[in-house]
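Next come two complexes built around subunit A: one with subunit B, the other with subunit C.
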Partner chain A sequence: MRIKFSLLFHAFMIVICIIPILILFALSFSKNWAFPAILADHFSPIAWQDLFSGGNDIRHSLLLSLLIALIVACTATTIGFFISKTIAYHNFRRQLLFLAYLPFVLSPVILALCLKFYFIKLSLAGTVSGVMIAQLIVAIPYSIIFFSGFWNQRVKAFADIVNTLGGTNMLALTKVLIPLAKPLLLICFFQCFLISWFEYGLTSVIGYGKIQTLPIKVYQFLIEANIFYAALSCCLLIMPPVLLLWINKSIFLKRLY
Partner chain B sequence: MLIEINHITKCFSGKPVLSDISLKVDMYETLSILGKSGCGKSTLLKIIAGIEKPDEGSILVKGIDISKQEPHERNIVYLFQEALLFPNLNVFENIAFGLRIKKIEKKVITQQVSVMLERLGLTDHSKKMPHQISGGQKQRVAFGRALIINPPLILLDEPFSNLDTETRSQMQDLYKKVAIDFHITALFVTHDIKEALLMGDRMTYLQDGKLKVYDSKQDFMNDEITGAKKEISFWNNI
Partner chain C sequence: MKNNTNILSLALLFIFAIIPVMAGLGYALLYSFGVVGALNQGFTWQYWREAFADNSICISFLYSTSIAVVALLLSVTTALLVSLRYYQPLKKGFYSYLINLPLAFPPIVAAFFFFQFLSKGGVVSRVAYQTSIIHAVHQFPDLTNDTYSIGIILTHWFLSFPFFLLLYTGLIKTQRLNLFFQLAESLGASKRQIIFRVAIPILIQKSLPNILLYFIFIFGAYEIPVLLGRSYPESVSVLAVRKLQKFNMLDIPQGYVVTVIYTVFVLFFILIILKQKKLAYAH
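Up next, the complex of A and B:
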């Protein structure tokens, strides 16, 4: 009875996850879909062909989003890992950790509006580097908070053991601490990647509309009522989370059976 | 004289934990430091290992002042309450860790680790990961990891406190044997009076940041503050 319920639950969850994705894919292959028709007049791979041939600028947005998200994720994970260590063993741990929560007090758009002045002054507004820095303002504190639970007296004791066995701090880091933190580093990298990948508010305000990442593109297509290209952009946009779900599902099923 | 600790003082948030601690340890001697939880025993060992910095005082090993040296330069190994084996390395690699740091030839490492595994009765477990062995075996691996680099001084911070009574007794016997075989000089910290007497060649008692060094075990047992008399009287009256 319990197994049946579990199977039903999984089937229900799979349907809930897959149906919206299928609809998006169908839309990205559609042409001339007019209300009240349930399906489009006909289907065509033209939007996808344009993506691969470079006939539209979605490919540019895809590559730009990938570049920004990868750099932001790598930087935020690395910096967050080390800053969180410093904070964890600092006398003012609580106060410093409180500062890491500040970027999350405001919504990203309001935060961007507050920071816009400084970005204009520093000639960073409307540039890729400006958008990356703006996203890092959110991603680094996230990473710091994420790793704050990792650093404890036990982890410190591991580093101390390496030191007393004759190893330097660098050796303790490379041979013991990083292998210990490896699963967390991977998760944090992926989370920071997703933060950057879906980021809209900060990117649109700091990027001035000049930095056309995929989320910006999706909104642009929606405003233009170009639902077929919007669907195509959405398909590309949801690929990383789908991949994450797939990986999680594999791990989950392995644990279950 | 192997180690000489002179006037070590340490305060945390203005509160003195160690006040003017001085002691001397001879070669191949195990010195027991008995004291209640939180009396500063671990802090003293951490200062000797270089993990903590003292506010005042000096530490001399074979006449050389090591107070300013970094922990990795001191060649003094610290053994924690928990074995703390590196979870990403198997038993063999955990023991070999110190030798790999010193970039010793692979052949020599294999040979030395194999000998150590045999002496500690761990040969059958060499390929196992730390989570696959028992608490006692983990502590033996931790011993092996420390002994293999042949340090002049080993600091043992209640290394058997997490073990059950039987395993603890076995480990105490093993330590006594290993201490003779490997000519170990050690500071053995414990809050267990019986263990302190069993492990130590000489006795000390740490209370309120002050360390009292006893000339003989009899002096230690006669002193009221150590609680040895109470312990003996308890067992006599039971």
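Up next, the complex of A and C:
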């Protein structure tokens, strides 16, 4: 009985963790997949070749997504780190944190629909900078909430020691606070990267369909019933997070704990 | 210098977090009362009256709530059972890496995968056909775009189960729950009592803010219900997008009514979450 449960556990874990990735990769290499065949008639790397040769515009979407996610992650991590410090030692910290929660927990598509009017007025709708600003409205609050647990009396005491010994605030920041927060800064960077990388609702509404990031591309291929290119876009979407999760788990969490 | 940094930080908080939400909510509120907007002619309660007279908004809220409740019940229950029974293999080694993989799936990719997996022409249907469980494609049950939203619930479960599994495995480790279990055992508690009277209540209590937060995320989800749901009933986000983005301009004020009600609903939940969390700030 115990062996049966154990087998069931192994099967369950493999089905939910590995099968989805295998199916997506198999589809990205498939050509014809008519019912009732379980596997495609024949496999071809043509979609992947097109990606590398620039034969389709997925490569453009990949690079655009990468650029937007990197800028959003860098900006949100930096700004969030400093804002969270101010909030943590502020008299109205609970109220300010409550307000910071709002953009992060609201449905991105509903938030985007409410903000669209202002983005149109500011001529930011349908532009890359508009999409980045919209994503920052979600990513910065996440970063603030993420760092809210970092600032405590111990960290404050370390910074105060530097000031007591004659060091400047900048010295306290560069020599004490940033080294202390380094693993958290990297994790926050990864998480903000993923928020931007996964974002569909905000990008589709504020980007007006002109800013074709990878999630927008997946939806577009689905509407066109082009499942093989949709699968290729899906594979590209999950590859960086898998890599980041692995780095996150194998390096930074080990250092942290 | 310190004051300047604080003022700059607070200014950035207002610019990037508070002002956009307040401005967006304000615009939605004004539009829903007919004060702004191309077709509006002044303050009116008409759109709110129409919104409440029309059942679709109420049904959407109930539908999104039920999807979120069922998906969370499933994922929390399975995560609790798996983490308590298989804590050792999940703590370190191969499975501790493996369980992270579904977290790499954005909602749109998860929805695409489940469509290819569970639809009538999908992988499960093909396997059922090849193993003679079904003899024609129409014999396969509707698991996507279906009446009971099975596809939507399973996709949400797929995305939330690994999160809760990691959370519970971490909690068992960091809260040293094994010591509580040993104590309960030494006081004569049975295995069943340890699980239901000690482990589950502690884990649920510790994870309540996360459960509530996840409830809000599933409640406001857009990509999964739009790809795997039916045209009726619609989830709140799908209803809001349909009313605000599609062809009938007369629907726009009602769309903003939906967004205002949704925002108030979320505000209420954040208050509960923050109360639960008892913020970990040092005084």
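Some points to look at:
FYI, the second predicted complex is superposed on the first by the 227 of 257 C-alpha atoms of A that agree within 3 Å, B and C clash if a C-alpha of one lies under 4 Å from a C-alpha of the other, contacts with A are read in each partner's own complex, and residues count from 1 in each chain.
We take it that a contact is a pair of C-beta atoms (placed from the backbone, for glycine too) under 8 Å apart; a residue touches a chain by one contact, two chains touch by 3 or more.
Predicted model, so just to flag it, every value in this text is computed and none were measured.
In the superposition on chain A, A:Ile110 contacts subunit C only, with no contact to subunit B. In the superposition on chain A, A:Leu67 contacts neither subunit B nor subunit C. Contacts of A:Leu22 after superposition: neither subunit B nor subunit C is touched.
Contacts of A:Leu136 after superposition: subunit C is touched, whereas subunit B is not reached.
In the superposition on chain A, contact of A:Leu245 is made with subunit C only, not with subunit B.
Shared-chain residue A:Leu186: touches no atom of subunit B or subunit C.
By the touch criterion defined above, A:Leu8 lies against neither subunit B nor subunit C after alignment on the C-alpha atoms of chain A.
Once the two complexes are overlaid on the shared chain, A:Thr164 sits against subunit B while remaining clear of subunit C.
Every residue of subunit B that touches subunit A in the complex is listed here, in rising order: 46, 49-51, 70-72, 74-78, 80, 82, 84, 86-88, 97-98, 101-102, 145-146, 149. Residues 1-2, 5-6, 8-10, 12-13, 16-18, 20-21, 23-25, 27-28, 82, 85-86, 89, 95-110, 112-113, 115-117, 121, 123, 125-127, 129-130, 137, 158, 161-162, 213, 216-217, 219-223, 227, 236-237, 240-241, 244-245, 255-256, 259, 262-263, 266-267, 269-271, 273-274, 279-282 of subunit C touch subunit A in their complex.
The touching residues of subunit A, counted against subunit C in their complex, run 5, 9, 12-13, 16-18, 20-21, 23-24, 27, 35-38, 79, 82-83, 85-88, 90, 93-94, 96-103, 105-111, 113-115, 117-118, 136-137, 140-141, 144, 148-149, 151-153, 156, 169, 197-198, 200-201, 205, 215, 218-219, 222, 227, 230-231, 234, 237-238, 241-242, 245-246, 249-250. The residues of subunit A lying in touch with subunit B in their complex are 154, 157-158, 160-168, 171, 175-176, 179-180.
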